[in-house]
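Take a look at the structures listed below.
Each of the next two complexes has subunit A plus one other chain: subunit B in the first, subunit C in the second.
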Partner chain A sequence: MNIANSTELICFIILGTIVIVGALGVVFLNNIVYSAFLLGGVFMSVAGLYLLLNASFVAAAQILVYVGAVNVLILFAIMLVNKREELKPIKGLQLRRILSGLVCSGLLILLIRVDLTTTWNLPGPNAIGELSTERIGEHLFTDYLLPFELASVLLLMAMIGAIVLARRDVLVSDIGTGESADQILIEKKKTPILIDKISQ
Partner chain B sequence: MTVLVASVNSGIDIELSFNEALKNVGVSPEIAHLLWIPFPMGLVLIAAVIGVLVTVWLERKISAAAQQRIGPEYAGALGILQPMADGLKLLTKEDIIPARADGLLFTLGPILVLVPVILSWLIVPFGQSLLISNVGIGIFLWIALSSIQPIGLLMSGYASNNKYSLLGGLRAAAQSISYEIPLALAVLAVVMMSNSLSTVDIVEQQNGLGLLSWNVWRQPVGFVIFWICALAECERLPFDLPEAEEELVAGYQTEYAGMKFALFYLGSYINLVLSALLVSVLYLGGWGFPIPIEWFASWTGQSIDAPLIQIFTASVGIIMTVIKAYLLVFLAILLRWTTPRVRIDQLLDLGWKFLLPISLVNLLVTAALKIAFPIAFGG
Partner chain C sequence: METTTGLIPLQAYLILASILFCIGVWGLINSRNAVRVLMSIELMLNSVNINLMAFSSYLDGDLIRGQVFTVFVITVAAAEAAVGLAILLSLYRNRVTVDMESFNLLKW
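Moving on to the complex of A and B:
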């Protein structure tokens, strides 16, 4: 075994350990902020695994999308609503834990069995490395065009939905007349509408 | 990992001669390669730190000039050793972790802010082969790495257990994810013109006709968008809301002291120099001299591969990159000391309602021009 191979093996072992321990930490830690930060660590080590597979574009995309967008969004949401309140104990928590543990370990056993029974085509095809960026682009705009466009429509829908939910004033209706209140009018009027109505 | 590897078969190749020398002593090529790796990395780290020291000195001197003061005067000639004194002071200060803070995250935060910035220096070219690694995904690596930073900021804001810190951290994260999008779109337009993500290819594509073929003439809108977004990403003054002194004490840095504060400080200045370098790489022809250096070589009748010419080209390249970058740093410092701070709603309005549509239109126009005039816009 030469130096390049052993370096790769050591990197793989370290990254694999981080992924597994981190993922377990995400599930088992009680502090939700720690879980969110650990999730970021798991995403980053998965990007490291992609790097080991010579897929640098996928690795960078993984960091950009999962760490830079998804994980930051999760953290943002947690920190904006992070109220320190005592949660009420849930009934039958122990039973639920046992059940979900059973389901998860069943899934794990299934996956391990699939792993052991499949005859893997090793070593796999040679990685194309730098060319992969072009190849991914070609696939996205030819044979994977429909899923790509569908995903973008889905994201657009989610975005519009989020905007509608965030702008609650769109749904506000005038108490006096029952007509829907206009956003521009609300912004122009500095005094709250409700107080105006009451004082009359 | 190549530094100073000259064009394919001739010229100076320090890595090769280093490996040869070690082989003569009896070291296997693999070990020699391992021993070689730290050199370019250390070199770039030193370059980054020296860049920061110079920038800090410039900031002090230029701010003094803008306010009609003298500025640092006693530490060395013209106060040139003042940044060193600052660094030494921070090094000897007590490292305080507040009693109710979360010690682990509090320590991890500054590291997560600094490491991606230093890693991004991997792709900054100072010449044809004067960079640590010519990775194929080049500029995309920088965009991906800079998206890690907000996590470090949120982490330190949260761990400080201080309302100002948390607000500063949230502001920093919001600002940095808002401005990342127009920034990436501006970069995308350049990448489309040069058909490559690699920083070396982007610069080479600009250096055919010297000054005239720089991207800034073909991408004037992209240049402005990129510069504004880079300033916002660095949290420089028109956009320094995360640490707005009058409102938030010092934002996410409020509780930090000693070396941990120094890490933030270092990170923000390394990021500024890095952004300036990348603006010069993407839009101002990188290491290119305003008149192509190949023309000089052909006038004097020298081969471009002659060792002397190569050393000359490399030095001109480094000097040009540094000059361009520091002109931009000067501009950033001048902006900092002459403009007022924007409000948070103005900041987000500018990002989402102005820069984002403009950068999308810019991308579309670039694509159309590329199809219409493939000669001028890199077909």
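Moving on to the complex of A and C:
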């Protein structure tokens, strides 16, 4: 085992441990803010795994899009809705958790068995290594041109949809229940000083 | 230029992705905070991305179509996160909570 191989192995073990422990923390920690920061750590170690797989472009895209955009968006959402609330206890919550844990571990065992018993067609063709960015560019502008353009349309739709959904413009009364749903009125009841300051 | 894939087997990446996916599924089912549900979805998408990248590096090292797919998955995930969080904000305005158990407007 030469030094490059052992370095690669050590990097893989460290990154894999960070990914799994971070993901467990995201799911199990009580404080949602810690979860969000751990999620950023998971995204960055996944980018490190991509670097191990000779994919520098996708690793950079992962850092830019996931850590730079998605994680920051999640943090903003947490700050907008962060209210300490006591969740109502529901019946059979523990049983539900145990049962779903059993189902998930069964799924995990199944997936690992599939991973280990399938005969993969190894070794494949030689990896192109550092040329991968150019190859991705060729793909995006030749045989994957239509999905590439559709992705831009999708992003535009998502942007407009997000703006429309998150806008402060609600019906005066809720159609289903008939109760008052005027957002300004409700928020005035909750935080009178803040709204008055904003409207002045 | 020949780049060897080293001594890490393909199965190691696949098992790592499987574990990450199952953690994401558990979190998706059991989270009571709506933001945590979105985070679990991101975890699952990332595990799928690890799978695609591993296959593209080990089995398709010449054409790396898996990396192109990963770029598309990242794009769709960004759009999904934006729309999901916007829906969450508008739910929070109407229900004043982020508890998943209280979002039962479409139930029955």
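Simple rule for what comes next: the second predicted complex is superposed on the first by the 159 of 200 C-alpha atoms of A that agree within 3 Å, B and C clash if a C-alpha of one lies under 4 Å from a C-alpha of the other, contacts with A are read in each partner's own complex, and residues count from 1 in each chain.
The working rule: contacts are C-beta pairs under 8 Å (C-beta built on N, C-alpha and C of every residue); 3 or more make two chains touch, one makes a residue touch a chain.
Quick caveat: nothing in here was measured; it's all calculated off a predicted structure.
With subunit A as the common reference, subunit B sits beside subunit C without any clash. Applying the stated contact rule after C-alpha superposition, one finds that A:88 touches subunit C and leaves subunit B untouched.
By the touch criterion defined above, A:3 reaches subunit B but does not reach subunit C.
In the overlay built on the shared chain, the residue A:130 is in contact with subunit B and with subunit C. Once the two complexes are overlaid on the shared chain, A:40 sits against subunit B while remaining clear of subunit C.
Of the two partner chains, subunit B and subunit C are each touched by A:69. Considering which of subunit B and subunit C touches more of subunit A, the answer is C.
In the superposition on chain A, contact is made by A:55 with subunit C only, not with subunit B. Using the contact criterion defined above for the overlaid structures, shared-chain residue A:79 touches subunit B, although it does not reach subunit C. When the shared chain is aligned, subunit C comes close enough to touch A:121, but subunit B does not.
Between subunit B and subunit C, the minimal CA-CA distance in the chain A superposition rounds to 14 Å. The intersection of subunit A residues touching subunit B with those touching subunit C, taken from the two complexes, comprises 4, 57, 61, 69, 76, 80, 129-130. Chain contact summary for the complex, subunit A toward subunit B: residues 2-4, 33, 37, 40, 44, 56-57, 60-61, 63-64, 67-69, 71-72, 75-76, 79-80, 129-130, 133. Those residues of subunit A whose C-beta lies close enough to touch subunit C in the complex are 1, 4-5, 8-9, 12, 16, 19-20, 23-24, 26-27, 32, 35-36, 39, 42-43, 46, 49-50, 52-55, 57-58, 61-62, 65-66, 69-70, 73-74, 76-78, 80-81, 83, 85, 87-88, 90, 96-97, 100-101, 104-105, 107-108, 111-112, 115-116, 120-132, 135-136, 139-140, 144, 147, 151, 154-155, 157-159, 161-163, 165-166, 168, 170, 174, 176, 181, 183. Against subunit A, in their complex, subunit C makes its touches with residues 1-8, 10-16, 18-27, 29-36, 38-40, 42-43, 46, 49-50, 53-54, 56-65, 67-68, 70-72, 74-83, 85-90, 92-94, 97-99, 101, 105.
The part of subunit B that touches subunit A in the complex is made up of residues 30-31, 34, 105, 135-137, 140-141, 143-145, 147-148, 150-151, 154-155, 157-158, 166, 169-170, 173-174, 177, 180, 197.
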